[in-house]
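Next come two complexes, and both contain chain A; in the first it sits with chain B, in the second with chain C.
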Partner chain A sequence: MSAPQLLGYPRSDGRWGFRNHILLLPLHQALCNTAREIENSVFSAVAVSHDWSGEIDSDFERIAKVFAGIANNPNNFSTIFLTIGTETETKIIERSRVLGATPLHVLSLSDSGSMAHLLTSAIALASQLKEAANKESRVLAPVSAIVLGLECGGSDAYSGITANPALGLASDRLVELGATSILGETMEILGSEHLLAARALNPAVGQQIIDLVARYERSINYEGIDIRGAQPSRGNIEGGLSTLEEKSLGAAKKAGSAPFTGVLEYADHPTAPGLYFMDTPGHDIEQLTGFAAAGVNIAVFTTGRGTPTGSTVIPTIKVATNTQMGSVLADLIDLNAGTIADGSQSLEEVGSLIFDKIIEVANGRQTKAELGAHHEFNLSRLYGSTL
Partner chain B sequence: MSLPEILGFGHSGRGVGVRDHQLILPSVVCSTRVSRRIAAEVGAVTFAHQHGCGIIGIDVAGIDDFFVDLASHPNVGSVLIVSLGCETIQGNELCAKIARFNPSTQYIVIQESGGVEGAVAKGILLARVLASQFKPSRQRIEELVVGIDFSRQIADPRALVDALAKQGITCISADQIHGCAKNFSTLMAQKAQVILSFTSENQPPTGFALIPVINVASASPLHNAIMGEFDLKSDATSEEIAALILKVASGAKTISEANQSGEIVAPRAVRSV
Partner chain C sequence: MRKVLFLSPLDNIAVCLSDIAAGEMISQEGREVTAIEHIPRGHKISIRGILKSEGVIKYGERMGHATTDIPVGAHVHTHNVLGDRLSTEQV
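Let's look at the complex of A and B:
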């Protein structure tokens, strides 16, 4: 199997980026509109919006980890933190500094003296960084540069027989070539965890997968809710899925058949190549945000119902599970895997098309989500329901 | 002494608003961008959130109610819900709930509109029709309700409330522990048309998309460093505060309103699934 020609931006910590973003990261909700205004005036700058006001509660650790991690995503050329000027913010920035190699800049409201000055100086800095980013050119990258995120949302009865197994083939091929691939969405492996655990590189990793799923189910039960009754979602049911177990068996197919190298907590960085399972919510954007904080630099998102969303920093390829949706909602979809069910293409052919699309997008081709500027960010909170 | 007259917008059955906002309400995070594009095109208000899907337990009804409260607030004229189609909170059902309070409500579904471009085009048309069908009349406000955010303690809250009462202003308040953003949502649900915020010494002033927020500074180093972002200084008298409330209620923009600063915090109790 020959390795494809992959072009990326080498970062000084050994990781690779496939985009060269200037990330605008406000550490207070009061500054999010300023970040959006900068995004609107500086091409290639991307802004994060959230509703955090600096609260230090039981979710603080999770939130700090996500801010520090996304600031260091290798797809960022540079990150500009917009701050109020508090010690809590300084701690998050310090944490980010030790995590990776992304050059970090800090502009604080209290130093600027006003929102207007903060906006002016941030636009000046972002424009200057954009020019520097434009001078960088892509160089030949090894396939191990890829850290792939596997995601599905708005699943239907086709997900488990078309797009997900085809993505699994692409993931397997990447892992075999030395790349990293991460499966998330703990809820969506509930009921199929024993099958994934059996594929673990060693029994300890297998047990970790089982334990994560059990912990997840306890955390939902803690709220007095039977998750197997609350899922699949209404949209899934309309798409033909009958039980959570059926949804899970289909969802897990995104991870192909490679052995699981390890298990990651939400937003943790993988330390060696291979296939990983990460504990994330099934909520699409909370998951993509966890991936972004973990250093994922490209993602494939299979969908049966169709959704326009994408990540702030990860180019996200949408694969349709059925041809009908793929053609009606063509402006959301990058690739149609419904041809497998139509009988016009084999699973292997579509797997190969997904693989090629990953390389093409990594090399700079814009996804539909990027072209439409759909780049959401959500903070995942547990509200104390941890066990 | 006769009470001062304030002119507002008669939003039929929901009281008189001090603003006439059109709300483009995404029912799920997936509709954020489509909502922003429509809002930018028609000059409406929208906001980003993460709550319409992957929610369980008491959050389902809690978020539904929160959306209904936002959409039926007296400062809101008409509402366009932007739904994706497969989310937990369904656009058509939410629309029916909101329409009981605010009949000037419509919805679009991205998955039923041929995708993003189709939804944006349809949304712009509908938002314009909604805005033109609904013409609020200018009315005298019989009772202006001001929500006071006491994120920090002030010397004499009683004297302030009394001074405002003299001007015919009714006050409701939200207390210290939650922080401004959560307090604003609470005061919104109680239909405050204007918010007066005494933000904590270590917090910046902030706003709320549908309600003008008047920020009063403290004497803290942070507030001194950004004094120009406050509508009133720390030594503002009750009379000065009341005078500004009346001006803002009649249309004067507050600083946070002009900056469009502040994201909306929805009440959540349970993790996403």
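Let's look at the complex of A and C:
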């Protein structure tokens, strides 16, 4: 198997970026609008919006980890924090500096003296950084530079037989070539975790997969929800899915059949190449946000209904599971895997097309989500709010 | 136009890509199966005989077990398959 030619931006911590973003990261809800205004003024700067305003509750650890991780995503050339000037914000910035992968800048409202002044100085800084970013050239990168995120949303009866298994073939090939690939959505593997655990590199990793699903089940039982009886849903059964295992296997097919190297907590960085499972909510944007914080630098998102969401810093390739949606929503879809069901292409052919598309997008080709400026970001709170 | 999808060589089922009528013969990729009953699009057809309690294999993995003997060409669904771990139905 020959390795494809890959071009990226080497970062100081050894990771690679496939974009060279100037990221505008407000650490208070009140500054999100300012971040957007900067994004509109400085071409290709990326702003984050959220509804967090510094509350320190039991989610703070998770929130701080996500902000620090996103700030240091390897697709960033540089990150500008916008702050009010509070101690909580300082804690997050300090935590981001510890990761130390991306040059960080801080502009605070208390130093600027006014919103207008903050905006002017932020635009000046972002423009200056953009100019520096544009001077950098891509260099030849190894396949191990790829940290792929696997995602599905708006699934249909075809997801498990077209787009997901085709993506699985592409993921397997990348993992075999030394890349990292991450599967998420704990809820989706409930029912097939014993099968995924059997694919673990060693029994300890297998047990971690089992434990993680058990923990998830305890947390939703705590919320008084029993999803065992609800899955597969009536609609799934009408569509032809007979057991929960079958449904979960269809979702997990995105991760092909490579062995699992390890298990990651939400937003944690993988430390070596291979296939990982990450504990994430089923919510698409929260999952992509967790991937971004973990250093994922490219993602593939399979969809049956045409979910338009992208990610703040990860180029996200949309793969349609059926030809009808793939042609109707052509401005959202990068690749149609419905041809597998139509009979005009085989799983292997579509798997190859997805692989080629990943390389092409990594090398700079814009995805439909990027062209549509889909920079969605959501902070993940407690499980109860994410079901 | 392909009528069914064979997902793994280990599988004892295939997924129907269109409605299959009772008595319809499927000849595809060197295999032949005759449907013994109507099978809706998106549902599964047995491509080998499956004995009661034997695993139903999709993607090369066990997605549940047969609750009755299933002949070749039959509709494989909730009436003759049960998940091993969690299921909406009881035998």
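The rule we apply is simple: the second predicted complex is superposed on the first by the 361 of 387 C-alpha atoms of A that agree within 3 Å, B and C clash if a C-alpha of one lies under 4 Å from a C-alpha of the other, contacts with A are read in each partner's own complex, and residues count from 1 in each chain.
As a working rule, a residue touches a chain if its C-beta (ideal position, glycine included) is under 8 Å from a C-beta of that chain, and two chains touch if they have at least 3 such contacts.
Treat the numbers as computed from the prediction; the structure is a model and nothing was measured.
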{"item": "First, second, both or neither for A:Pro308, with chain B first and chain C second", "value": "first"}
{"item": "First, second, both or neither for A:Gly239, with chain B first and chain C second", "value": "both"}
{"item": "Partner chain in contact with A:Ala330 - chain B first, chain C second, else both or neither", "value": "first"}
{"item": "Touched partner set for A:Gly372, first chain B, second chain C, both or neither", "value": "first"}
{"item": "Partner chain in contact with A:Leu195 - chain B first, chain C second, else both or neither", "value": "second"}
{"item": "First, second, both or neither for A:Ala101, with chain B first and chain C second", "value": "neither"}
{"item": "Contacts of A:Leu7 with chain B and chain C, given as first, second, both or neither", "value": "neither"}
{"item": "Chain A residues touched - chain C or chain B, whichever exceeds", "value": "B"}
{"item": "Chain B and chain C footprints on chain A, overlapping residues", "value": "231, 239"}
{"item": "Chain A - residues contacting chain B, complex", "value": "28-34, 49-51, 53-55, 84-86, 109-111, 113-115, 154, 187, 219-220, 223-225, 227, 230-231, 233-236, 238-239, 281-286, 305-309, 325, 328-332, 372-374, 376, 378-383, 385"}
{"item": "Contact footprint of chain A on chain C as seen in their complex", "value": "1-2, 5, 7, 15-17, 40-44, 56, 58-64, 76-78, 81-88"}
{"item": "Of all residues in chain A, those that touch chain C in their complex", "value": "157-158, 161, 165, 190-192, 194-195, 228-229, 231-232, 237, 239-240, 242-246, 249-250, 253, 257, 340-343, 347"}
{"item": "Residues of chain B defined as touching chain A within the complex", "value": "29-30, 32-34, 48-50, 53-54, 56-57, 84-88, 90, 110-111, 114-117, 179-181, 202-207, 222, 225-226, 228-229, 259-266, 268-273"}
